[in-house]
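Two complexes come next, and they have one chain in common, chain A, joined by chain B in the first and chain C in the second.
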Partner chain A sequence: MSAQPLSRRDWLGLIARAPMARLGALWPDDPPEFTWLRKPEVGAMMVQGRAGAVGAAFNLGEVTVTRASVRLPCGTIGHALVQGRDTRKAERAALLDALLQTEHEEQLQATVLAPLQAAEQEEAETRARRAAATKVDFFTMVRGEG
Partner chain B sequence: MQLTQGFADPAIEAARVFRIVLDAMSHPARIVTLPEIDAPAPCSPAAAAVLLTLVDGTTPLHLAGAHDCEAMRDWVRFHLGAPLVGPQDAAFALGIWDALGPLSAYPQGSAEYPDRAATLIVDDMALRSKGARLTGPGIAHEAFLSLPDVAALQVNAAQFPRGVDFLFASGAQLAALPRSTQIGGA
Partner chain C sequence: MYVAVKGGERAIENAHAWLDDARRGDRDVPDLGLAQIREQLALAVDRVMAEGSLYDPDLAALALKQARGDVIEAVFLTRAFRTTLPRFGASLPVDTGAMQILRRISATYKDAPGGQVLGPTFDYTHRLLDFDLAQAPEVAPAPEIEARPADTPHILSHLDAEGLMQGETPGGSEVPDLTRTPLEFPAERALRLQALARGDEGFLLSLAYSTQRGYGRNHAFVGELRIGHVRVSAHLPELGFEIEFAEIELTECESVNQFQGSKTEPAQFTRGYGLVFGQSERKAISMALVDRALRARELGEDMDGAPAQDEEFVLSHCDNIQSSGFLEHIKLPHYVDFQAELELIRKMRRDAAARQAAE
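Here is the complex of A and B:
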């Protein structure tokens, strides 16, 4: 496991991508005291794409997202924007984001972020292996003419 | 001042505040009371409730004078997402009367599009039902409201259908003065 601590940008993405079950298993602790800045609300966002990742941007379609913002008693603010309509996940992600900006960061990096990252990496590798197993090498037989 | 929550239940409370503001606008000089909102100083709870209800990313907002502070800008950015602009581009403006400056600086609408005029939220007023005599649409006979500068407001009303509209806020209280109201003497 790489010991490089994740930046905020990375952990926001990592937590948002993690399935709720895994997030709940890794961080079952009672949530700390907090106040809502924005209660979880479900909405839609337009996702843009680029053909071949280089063409002009076009609207690919809308995706359902849930956002939430919390404030800890110390004043730290955590935001979350997760795909889907799971308000509990948005709450958890926002709390994690807030706590990761406090003195709990080191502990949470080790107990939550590292396992999440490992699981995500493993999933990606499994998928890559499965895809690799179906790879076909095309070749052209030389026709025996002449 | 730290960032605070806006409406606890945005859909319900925004609808309620909208109804109350509509009531105030359609009955000029009527003093109404809005729900209490945690607003960053120096913004009054009533002004904050109006902003949360009427202002969003498509309505340019002008913050005048002391209201143009870091806490207020953060609050606007988080809760409203409204672009902050100068008076000449504003759809809404917020400030105390003296800070808002000359009314001619705001969009007055045109004869074809009178709706393209600004709404000024005048904060920190002393709202009393006495002072200038008001008549016009929404007022059965006559109404009285303490107004900050009768002469300037008369000039504004004389431009009807052009001109700006006013919401006067004080604590959790609000009164409206649309441009259609005729203003008599004090």
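Here is the complex of A and C:
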């Protein structure tokens, strides 16, 4: 588990990519009082690639996203642009972004961000270990060592 | 004489009710959940996302369920839904070099740095039906071994570094978008790649195969094929910085083709490029071969009238929603059109008979 607190850029991304079920399990609390600056809206972002991986940008296709913005009574503003079409996830993400900018940051870093990050890392590490198990080792075959 | 008619509302309503019933099938069989489709028919889901041009596995699973497994109908539903979504913006171009690799193979370099990773492939299976699957067997989790963090640079970057690979040209600041502006010819490569990325897999497969069989001959090696996860980032104006707001699975293929050189350029290798949502290496390889074939003109190669080199032919016909829309519209009522044709044939016969009688 990372000891470093995440920057705002990193927590916005981490929450945006997290499955709603995981986010909801970590932060099931009743929402604090807030007002909408922008109610959750489902839309799309165009994903771009590059010709030959490094050349001119081209439009590959879109990905669904939901955005929302909230304001806490203290005036703190939270934004969200999350993957998928779940408006509850966008609401939670925007609220978390706002609360993470207040005195609740330390607690939420520990109770929400750290487990989210650990879960994402664990998924990536599992994929990496599975991929490693399918790596072809030509040298071993040729040398007969090992 | 036929006249335009209204009606059939009851018949249409009942037909749709029957469609719903037929979709559900035998009620003694459990209803199919979207999660089951997403998890267990994942490659069909990927194809719907790729050709529907919208990355959203749950949505593609729903489309497949609604379409009773008809992939093109599911693509149609996805495209129709896509048009209802406001576009919030565009991502930065994804960095496929930083892809988290599930599969990565090269047909050109055995000892590619980072290694050859087979991933969950059908290759080397015997293509024998596995009747055990009919019994819902327990399946062991995939084997794992300790993964050393390895850099997996694009394999062709080594040829790039030696100057043996034709460099890619950076594009302008404006990225053309065929969902906003109708296609015009000649189309620049960025536009061609967009059309191919959402093009019909079967059509592109056939065209790519035609280039291998000599129509626009251009022998291709798979320099690299990689499947994995990439982060998608965008600059958000309200924040003033970039966030990695999504993670998607992509398949990428870079083909290596020989180029004899020209007056201004030395002999070198050139690249065809395929990039597709989800896991679809057949589509990615096909796209790379067709992309390379469509570069014939800019590379000054012989154009011998091969279909795969004809960008107007390829781009105008690769979209299965356009194709099936036009194809299937001819089954809809054409009573008046047909009546005119019928009258014409009758008149021609009468005229011919009258001429014969006069002779």
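Here is the rule we go by: the second predicted complex is superposed on the first by the 134 of 146 C-alpha atoms of A that agree within 3 Å, B and C clash if a C-alpha of one lies under 4 Å from a C-alpha of the other, contacts with A are read in each partner's own complex, and residues count from 1 in each chain.
Throughout what follows, a contact is a pair of C-beta atoms (placed from the backbone, for glycine too) under 8 Å apart; a residue touches a chain by one contact, two chains touch by 3 or more.
Every value quoted in this text rests on a predicted model; they were computed, and no experiment measured them.
S.K.: Could you check whether chain B and chain C clash or fit when both are placed on chain A?
M.R.: They fit side by side.
S.K.: With the two complexes superposed on chain A, say which partner A:22 touches: chain B (first), chain C (second), both, or neither.
M.R.: Neither partner.
S.K.: Look at A:35 in the shared chain and tell me whether it touches chain B only, chain C only, both, or neither; answer first, second, both or neither.
M.R.: first
S.K.: One more residue to check, A:104. First (chain B), second (chain C), both or neither?
M.R.: After superposition on chain A, A:104 lies in contact with neither partner.
S.K.: Have a look at where A:12 lands relative to chain B and chain C in the superposition and call it first, second, both or neither.
M.R.: In the superposition, A:12 touches chain C alone.
S.K.: Of the two partner chains, chain B (first) and chain C (second), which one does A:75 touch, if any: first, second, both, or neither?
M.R.: After superposing on A, A:75 lies in contact with chain B but is clear of chain C.
S.K.: Compare chain B and chain C by how many residues of chain A each one touches, and report the one with more.
M.R.: Between chain B and chain C, the winner on chain A residue contacts is C.
S.K.: Thinking of the overlay built on chain A, is A:125 touched by chain B (first), by chain C (second), by both, or by neither?
M.R.: It touches chain C, and chain B stays clear.
S.K.: Mind computing the angle chain B to chain A to chain C from the CA centres, in steps of 10 degrees?
M.R.: It works out to roughly 80 degrees.
S.K.: Between chain B and chain C, what minimal C-alpha to C-alpha distance in angstrom results from the superposition?
M.R.: In this superposition, no C-alpha atom of chain B lies closer than 7 Å to one of chain C.
S.K.: Once the complexes are superposed, what residues of chain A are shared between the chain B interface and the chain C interface?
M.R.: Common to the two interfaces on chain A: residues 41, 69.
S.K.: Note which residues of chain B are touching chain A in the complex, please.
M.R.: Residue positions touching the partner: 2-6, 8, 10, 78.
S.K.: So in the complex, the part of chain A that touches chain C is made up of which residues?
M.R.: Checking each residue of chain A against chain C gives 8-9, 12-13, 16-17, 41-65, 67, 69, 79, 81-85, 124-138.
S.K.: Over in the complex, which chain A residues touch chain B? Could you list them?
M.R.: Residues 35-39, 41, 69, 71, 75, 77.
S.K.: Help me check something: in the complex, which residues belonging to chain C touch chain A?
M.R.: It comes out as residues 49-50, 53-56, 58-59, 82, 85-94, 96-97, 100-103, 110-111, 115-120, 142-149, 154, 156, 160, 168-172, 175-179, 189-191, 193-194, 197-198, 229, 231-234, 236, 238-239, 241-248, 252, 254, 271, 273, 275, 277.
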